[in-house]
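So, here come the structures, one by one.
In the two complexes that follow, chain A is the common piece, with chain B as its partner first and chain C second.
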Partner chain A sequence: MGSKSKPVYLGVDVGSVSTNFVLLDAEAAGASVVWKKYLRTQGAPLVALKTGLAHMAQEGSWRIVGVGATGSGRELAGVVLGADVVKNEITAHATAALSYDSNVSTILEIGGQDSKLIILRDGVVVDFAMNTVCAAGTGSFLDQQAHRLGIPIDEFGQVALRSTSPVRIAGRCTVFAESDMVHKQQLGVDIADIVAGLCQAMVRNFLSSLAKGKELLPTVFFQGGVAANAGMRRFFEETLAQPIYIPEHYDVMGAIGIALLAAEALAEGHKPTRFLGLESVLRSEVAAQVYECQRCPNACEISEIWRDGTFLASWGARCGRQGRADQTS
Partner chain B sequence: MGFEVITSPPTNQEILELGLTACVDGACLPLKAFVGHVRFLVNRGLELLFVPQAISVVPGEYTCTNLLGLPDLVQQYIPSSVRLLSPALDARKGAGKISFSYLRCGLEFASALRVLKAWQTAQAAQRQVDTAPKANGSTGRGLNILILGPRYLTDDAYLNGDLMGKLAALGVQVTAAAAFPDSITLPASRSLAKRPFWTSMRRSLGALEHCLHRVDGVISLAPFACVAEAMQGVMVAERTAKTECAHLELHVDEHSSPVGLVTRLEAFCDLLERKRRG
Partner chain C sequence: MRITFPHLGNAYIAVESLLRGLGHEPVTPPLTNRQTLERGSFHSPAEMCLPFKISLGNMLEGIDLGAESVLMIGGWGPCRLGYYGEIQRLLLEALGKEVEFITLEVPRGNYSRYMVHLQKLTGSTKFDHLRSGASLSWAKLNALEELEILALQTRPREKKRGATTGYLQYQLEQLRAAETVQEVEEILSTASRGFLRLRAREQNRPLRLGVVGEIYTVMDPFSNLRLEERLGYLGVEVVRTISLAEWVKNHIFKKALGLYSLAPLRRLAAGYLRGFIGGHGLESIARSVDLARKNLDGVVHVLPLSCMPEIVARGILPRVSRDHGIPVLSLMVDEHTGEGGFQTRLEAFVDMVQRRVGRLGK
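Then we have the complex of A and B:
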């Protein structure tokens, strides 16, 4: 780090649990990560965004030539930063995985609030599935259980690997899984066997809810924050009976993918970046306001973004209204 | 027939809330919305509530069990001052039985001649709704998508999270399977291994057979925890896999955030576009 004003692409993935940043070397081919940051969103995406950028400014001198935003907070990040590309995380994850290995056919991605299965053939996404209504079997749930058992989340996977005979835990629903674990604990079952059982249940749940009727061909990638869990990796390998690859930057793959997409879009359009500039973003006071619109009985939940007292954007209105709450039209 | 008719507006937050707070927990989202509409109307003051008991609307088929029990369910949510009018519509013994039920139900309120005229007017209005389906949305990206699912879901922009509007914004043309008339879906469903019992499922699968090689992708829209739709989802997945037609399953429930829906639709359209480009 420290080389004077290196040209880089910035990718930001604002998820429910983590907000990730990467800088890709704009002069290198493919995804060459020169800096990355994995932050907890903690329910405050705006704070996380600024914290990440502040770290970035401190840890090097960069010239940002393009910006991409993805994740469930992508619209927000897109407006605050002035992103060149704002795209969904499925396309971003697939783009990142393909840049590591063009033969990837299956991507297992487990993040904080959702899990995804992406099926590719010949470098093209042909099918995908996301867990629908509930967050059972995602990172948040593992977090919660690790906390409850008093095991740091980083060691959770290693503890699972120590198990010799995993116990069976219900994986369909978080509530059932938890009561199952409590019962097994009360019977005096070894903690490693419970943790391993939980990982197995999550693998089982992932495959039965997302992979039903789908052919999981090699090469298989496992990415997202939960890929750090060695237990999950082993049980995926055992169940699918094939090796699972975890890319080096498994935890920020969405951010890498969106940075690559930004680079691609800017190269295609021969346009300069719309990025507002590091200092200007860090200096400005950005505030979000969420309220229920009272204009019609739909009562949509509207999010408004303001910078230094100036209205920037709003979304969430079913009628497509873009204006401010205090404006009449 | 001389009645003053009050109808409820399209589903909105207020109506859904009325349904959610009263309706039994296990019911599907459209059913809860229906109860919401009923309660909304009751609050507006009415004497007669018209909820037909649709047992079968096409010979040889049934409607879903929730529709079958609709009048009984609704009865729980109306005061005794409101009379429930629910003629049984049963086409199992011939399509003519349905007209007969309506006419007999009307005779209590008007002369035979007036009832007959009202019935003819109603049928003409229904035919207008049932004409060949039009593709909506935008031709921007040159993509065509078929939406499978019951009409009470595909036509209700509030319940389906404005699916059609979101797809139009993504530059996609959309056709709803439920808008295809039986004259198309009945012959088309003959190629299925087995004809489904349920009319809405047969319509969806028939429309799928009819459109399979004319669309880029198929979206099945289903209420969360609907058994018939869950089964249909598996059948559609099998059928589309054979023809390499892309398929997306969407479940709707009471979430108010559109983010998850937009993510799926966006990714699905990206997928279709990349597939088409090869």
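Then we have the complex of A and C:
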């Protein structure tokens, strides 16, 4: 890590479960990760953002020349940091994967609370599917089951690999999956076989809900937090009958992608970064306020962001109003 | 009679004039909001589609405002809409709401029943009065759609974010208050100049995306989470393939006279779908093919959860997309649709189309 101030691009992916940070070497071509952090969001994105930046400031000396924000909390992060690019996580994930291998044709991404399938041809996204409704087939569910079975989540995949004959678990719905697992446990089935069965069910569920009618051509990348699970990887490989690649920084690919997009946008526009500066972000008090606007029957849910008592931004107003809406009048 | 009716986008502006022309007092429910949906969903069978739930909510809110009658449209064919009026009538009855329920539908043989419902509406109104009310209503329906289309063209080019939406709202209020066809025309000509002034001078060609799908969720901004506006703010010019005025012309007038023909749609959908499958299923396929031929950059397909005709269409659209090289995004909406995931899909789709267009060097 650089001791002198190293020029870097910062990518932040504020997800529902984790908030990820990466710094990319601004002088290297492609995605050269010089620092990364994977934090639990724990329902408090503002806190996670600050904690991540504090770690960053402690662990090196950086000169941030561009910032990108993605994930479900991208708007918030964009305002708080002064991001140069705010973009959705599908584009970010695809950009990151392409920077590793321009032949990527399929990306399987399983995060904490959603899963995505991205189809690319010749380096361009041509189709995608995203599951945000159902928790079956996401990291949170695996987390919860690992906890229930008393297996640390990072060993979950290894346990699955020990299985010799995975049992069939109903994986359509988390509730049914759980009761099915309990049932199999009571029958005395080996834990490894149950864990493996669960991983298989997740793979089945992912493919049947997202991949229907889509051609999953090589090269296939598997990214997102769940890619750490070796069992999931093996069952994807078995089901798709082709090798699955897990990029080195699989857990922060969204952050890498958005940092690359920030670099690209700044280079294109020959503009300096709008980043507010580490010091100023860490020092300021940022608060969010959510309320129902009473101006008209639309009753929109407005989110406002304030920094040190000053109004920064708001969104959610159907009338297109962007400024500070009056709560009462 | 004090008559209430369910919302469909801004159509209330035309419906109010029509009812007044017929000598009734329109009781327009508050614009659809979350409470409407919550109330409608609460009293609806869970498996009903979003349009059913929202319209039931509208009716309840209209009755709160003192409506004595409810006006609903019906129909026949594989789409369940045909019996929505009847179920809603029973639900309102079970809730102890004493209202008269008037269902307007294109008759299928049973003309006498049609006339009974029609007579309830027309009553003893003088023909001249009726005619002027109908022509004002018709002018307003056409005008409001024209205003909305102007807004769709302006939004991706606007100088100040949100200005288009504000201006559209203002002109719609003017239109609502208009009392003569001439006033309506004046509003239109003022507005078409006004919208031009909101545009930025220099600009790149915005992406053009066509919207197809089930008519209610395509046309009603509450039900589709303000899809058209969201796309506009992402720099997209939305091209509509569905018009309510067109629908009234085809399904009320032409169908009643036996003049409506599916042949042009069938021709477009040839190779994918042979005929009518209810609702707008055939139309979604046909219009997507049409949009591809007209060289649009992509198609957004909107449907309510559990809508049979559109689920069939959704199954076919990936093939249309492959064959014609046009990206298609299907979006299903219901009362549980999360705004975050919806917006992410739209942004990702627009990014994807943008990159594709850039590569094709269009």
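Worth a mention:
We adopt the following convention: the second predicted complex is superposed on the first by the 322 of 329 C-alpha atoms of A that agree within 3 Å, B and C clash if a C-alpha of one lies under 4 Å from a C-alpha of the other, contacts with A are read in each partner's own complex, and residues count from 1 in each chain.
In this text, a contact is a pair of C-beta atoms (placed from the backbone, for glycine too) under 8 Å apart; a residue touches a chain by one contact, two chains touch by 3 or more.
Worth saying up front: this structure is predicted, and the values here are computed from it rather than measured.
Superimposing the complexes on chain A yields a three-chain arrangement in which chain B and chain C clash. Shared-chain residue A:D101: touches no atom of chain B or chain C. Legend: residue contacts after superposition of the two complexes on their common chain; A:V124 is shown touching both chain B and chain C.
By the touch criterion stated above, A:T91 is placed in contact with chain B and with chain C alike.
After overlaying the two complexes on the shared chain, residue contacts for A:C296 are found with chain B and with chain C alike.
Residue contacts after overlaying the shared chain place A:E155 against neither chain B nor chain C. Comparing which residues of chain A touch chain B with which touch chain C, the overlap comprises 72, 87-91, 114, 124-128, 130, 132-133, 213, 296-299, 318, 320.
Across the complex, chain A meets chain C through its residues 72, 87-91, 114, 124-128, 130, 132-133, 213-214, 296-299, 318-322. Across the complex, chain B is touched by residues 72, 87-91, 114, 124-130, 132-133, 213, 296-301, 316, 318, 320 of chain A. Residue ranges of chain C in contact with chain A, taken from their complex: 30-31, 33-35, 161-166, 169, 226, 229, 315, 318, 327, 336, 338, 340-341, 343-345, 347-349, 351-352, 355-356, 359. Across the complex, chain A is touched by residues 9, 12-15, 157-158, 162, 165, 224, 234, 237-238, 241, 246-247, 249, 251, 253, 255-260, 262-264, 266-268, 270-271, 274-275, 278 of chain B.
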